[in-house]
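Dropping the structures in below, format is structure tokens.
Each of the next two complexes has chain A plus one other chain: chain B in the first, chain C in the second.
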Partner chain A sequence: MKGSKMYIQLEFDEINKSPECAVYANNELLYTGQVMNNINVNYETQGSVELAIEFTNKSPRDTLVDSKGIIVEDKNFTLTKITIDYYDLEELVWESNYVANDGNVYPSCLFFGPPGKFIINLENPILPWFVQKTKHKYNGDLPNWEEDYRYYYTACNLLKQI
Partner chain B sequence: MQSIETNLSDIQLLAWTLAKATAANQLNVPGEYTWAFTEQNRFSDVRRRSLSIFSSGNSIKDPDVIEFVQNLNISKFLIDPWIVEKFQDGFRPWVTAGTNYKLNNFDLFKYIGFSAGTQESFLNYYLMNTSKRMRVFRGDYWWHMDIWEKTGVSWAYIEDDDIRVGDACICSYPFALTGDKHKHFDWLVDECNKKNVGLLVDFIYLPNSINCVNIDLSAPCIREITFSFSKTFPVQAAKIAVRMLKEKPNDPMQMSNDENICNRLSAGLAYSIINQFPIDYMVNKYKDKQTHWCTKLGLKQTKVVHFGLGDDYTNIGREDSSAWCSPFNEQQGRYNLGMLFENEELLKKVNLY
Partner chain C sequence: MLFSYLIAANKGMSFADARHYARYALQGSRAIPDHSVHNTVTEAIREYSNIPVTFDHLNSFVERFKDWLGIPALNHFDADFSSGTTQAFDSFYFRHRYKKFRCYIGEYFYHLKNWESNNVEWSFITKENPLTEGDALVLSYPFCDTGNFYNINVLEECCSKNIPVLLDMCYYPLTNNDCDSDFNYKCIDTIAFSLSKVFPVANYRIGVRYTNKNVYDGQKLHHSINYNNMLSAFIGLRLIDKYSVSYIYDIYKHKQKDICNFFKLIPSDSVLFGIGDESWDIYSRRNLLSVYQLTYDTSMFCNRICLNPIYEHWNLYERFKNVYPT
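Right, the complex of A and B next:
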């Protein structure tokens, strides 16, 4: 479905042993390859978006343990930030799940250890969703944020002309 | 008489657009205070800034004055021992040349002093009247009340009690909240005369006013008057003001003047400005623009060229206070039109003019 563009910026850290990932939006593949510190993708849609990051090249051989069973080396990485259309989702990134291939679901897990998929549900355009989610924090839980958003959106479009 | 309906929808869109333009560095003339900038280019910060777009009483940031000031070499004034005196000598005829107001018996105010903003004059007034109760009308400069509260000075709004022996009054003229003469100003002068109470008249917006001020300064209670530069010229952070009195004062500010240790950079800047721009410069340049914006936005045109009056747009849907900087700063119905004047080019480009 065509809609407005989303610019998705993913930031990763603690990348160990060349992990690979695939990034999907509503099951549409947007990226596949090495996990890098920054992966930027575009997606065009309107409405709900399921953003998924799949850990694609993890096998049991990647995890080395010592004689006591303690992991001494592993292939893994950590998601540190999601920015959509230049809005840092900040703590909203924790409103997500990591669904391991073995069926276990880890809420609010940004660590890619077991093979599986990180999933977060968003909306496009992102700003009204973001504002609604964060209005308690930034906007004093005010009832008229939608009206404010309308003015903001109009102002942004007016200024884009010049 | 036909009532004026404030066009809150257009006002809100202008406020959001200018706030967003601040964040995106798209203004024709940027702000001069940190609070006049949107912190980050994001919704919550733009929203916060949009509430203060029309606040403050500060001057129009006129591009020609800004250019003139930027091209001055004011450091030379630092080594000119007579620069403050030159400014003071030039100030009186500069004020007298104004044709939009009448200061009858202005010459009775023989003693002129350079003031580091009117705030220095006010602080000295408070200091020299510590045994008295300070009095102002509701809506006058919020800074007085805020400072009195913070420093434990006794004070009361004039509306809340009679003028009594032992009071000390301050009143802006044109009045800060309305850009017009306060409706009880004449009564206040009479009361102060009867009770031998001093009245400091703050001519804060005088240079930007049109047919508003007509005062007999021979009234015994009016012993002190003040003038601000920051409401007329974009030199806010230079702290330039003038205090004039009928009798020579004996306070710290006068001592700074007598000792010749006033800020020469600011005095030199002020001296340069009064030699370049007449006192009615802003009125002549922006009167028609005030009419344009007040008509477009459904605001009542005030007698101060950079103000319009209307309903408050900042409280729509909001439960928290939108008073800026101080709880006493309740001036949301007074619109400073400066940002609209200064950013005319931008607003024309986005079809909001």
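Right, the complex of A and C next:
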């Protein structure tokens, strides 16, 4: 479905043993390959968006354990930040699940250890969703943020004309 | 509101920051950041660090100030340096601490904040609650709520009731100076002026206080022994030497008229403001009351719109006017 463009910036850290991932939005593949510190993708849609990051190249052989069963080496990585249209989702990134391939679901898990998929549900355009979710943290609980957003949107468009 | 958002968008602000900016932009009474004045202040600071410091600068500033204002009636009063009008207010409060403080609705919130937080007896002047003997009156002229001059015949009543009066005239240099400046009233205890509203020097606290000749308080003592901020006085001296009292008014009066015409505001006598109807309620005193932690109904006050951000973004305003229908 065509709509407005979303610019998705993903940041990863503690990337061990060359993991690979695939990034999907509403099941549409946007990226596949090596996990890097920054992966940026575009997606065009309107309304609900299921953003998924799948750990694609993990196998049991990637996990080395010592004689006591303690993991001494592993292939894994951590998601540290999601930015959509330059808005850092900040703590909203925790409103997500990590669904492992064995069926276990780990809420608020940004660590890619077991093979599986990180899933977060968003809206496009992101800003109204973001503001609603953050409860107007910048301005207290002032009402009518939707009206303010229209002013902002109009101002941004007007700026292109003048 | 749209223009406030336009300024914010032009600055590249995110929605959250733009929203914050837009809600506060047209409130308050910050001085216009005139570039020439700013440069003069910078030069004065540089000069101050390179010349021998003498008390002459301090005294010259205070002595020349009344000529700069062009109010001959001030000759009847003693002048001393004041850290903005605020120091004069504090001195007045203390001198008359056993009286009941009075003011009109719309007066500067600083007074209300001080009186409330210090459990000082005070009340607004209303028809049901008029001035009486034993009161002390604080009166801004031009009036704080509108920036407008008005008939100050209340001073006659104050004389007859032996009510000491503080006249706060910090907005005076923002006007065309066309007002009743006789000030030949024995009730006038203090007349306070400041450069904070006319020039962007609020943080240097530059003002002059005129008091009845029988006042000799701590502030006057400090002035008599030159125990004041020399740098502030020096900056003030350079400013009044270089600019006339109507410098800002003369530059911005046409712009004020243009803005008020476009946004359907009533121009204030003080060039910094326009007065808005209820469609401007978003720029009521809500935020200021919140900062002062005061709980008054915002509908008690005028929608005094600070035009400063529009002056600052004049080119953007002109472009906006061309494409946006009124």
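The definition used in the following text is that the second predicted complex is superposed on the first by the 158 of 162 C-alpha atoms of A that agree within 3 Å, B and C clash if a C-alpha of one lies under 4 Å from a C-alpha of the other, contacts with A are read in each partner's own complex, and residues count from 1 in each chain.
The rule is short, and it goes like this: a residue touches a chain if its C-beta (ideal position, glycine included) is under 8 Å from a C-beta of that chain, and two chains touch if they have at least 3 such contacts.
Given the structure is predicted, the values throughout are model-derived calculations rather than measurements.
Chemist: Label the relationship between chain B and chain C on chain A in the superposed model as either fit or clash.
Modeler: Because the two structures are overlaid on the shared chain, the partners are seen to clash.
Chemist: First (chain B), second (chain C), both or neither: which does A:L127 touch?
Modeler: Touch status of A:L127: both partners.
Chemist: In the superposed arrangement, does A:D148 touch chain B (first), chain C (second), both or neither?
Modeler: After superposing on A, A:D148 lies in contact with both chain B and chain C.
Chemist: Tell me which partner A:Y87 touches in the superposition: chain B (first), chain C (second), both or neither.
Modeler: both
Chemist: Considering only the touch criterion stated at the top, classify A:L158 as touching first (chain B), second (chain C), both, or neither.
Modeler: both
Chemist: List the residues of chain A that touch chain B in one complex and chain C in the other.
Modeler: 87, 127, 131, 138-139, 142, 148-149, 151-152, 154-156, 158-159, 161-162
Chemist: In their shared complex, at which residues does chain B touch chain A?
Modeler: Contacts found on chain B: 12-13, 15-17, 19-21, 24, 26, 42-44, 46-47, 50, 316-320, 346, 349-352.
Chemist: Please name which positions on chain A make contact with chain B in the complex.
Modeler: Within the complex, chain A contacts chain B at residues 87, 127, 130-131, 134, 138-140, 142-144, 147-149, 151-152, 154-156, 158-159, 161-162.
Chemist: Mind pulling up the chain C residues that touch chain A in the complex?
Modeler: 1-2, 5-6, 8-10, 14-20, 22-23, 316, 319-320, 322-324
Chemist: Taking the touch rule as given, give the residues of chain A at its contact with chain C in the complex, in rising order.
Modeler: Counting only chain A, the residues touching chain C are 86-87, 127, 131, 137-139, 142, 145, 148-149, 151-152, 154-156, 158-159, 161-162.
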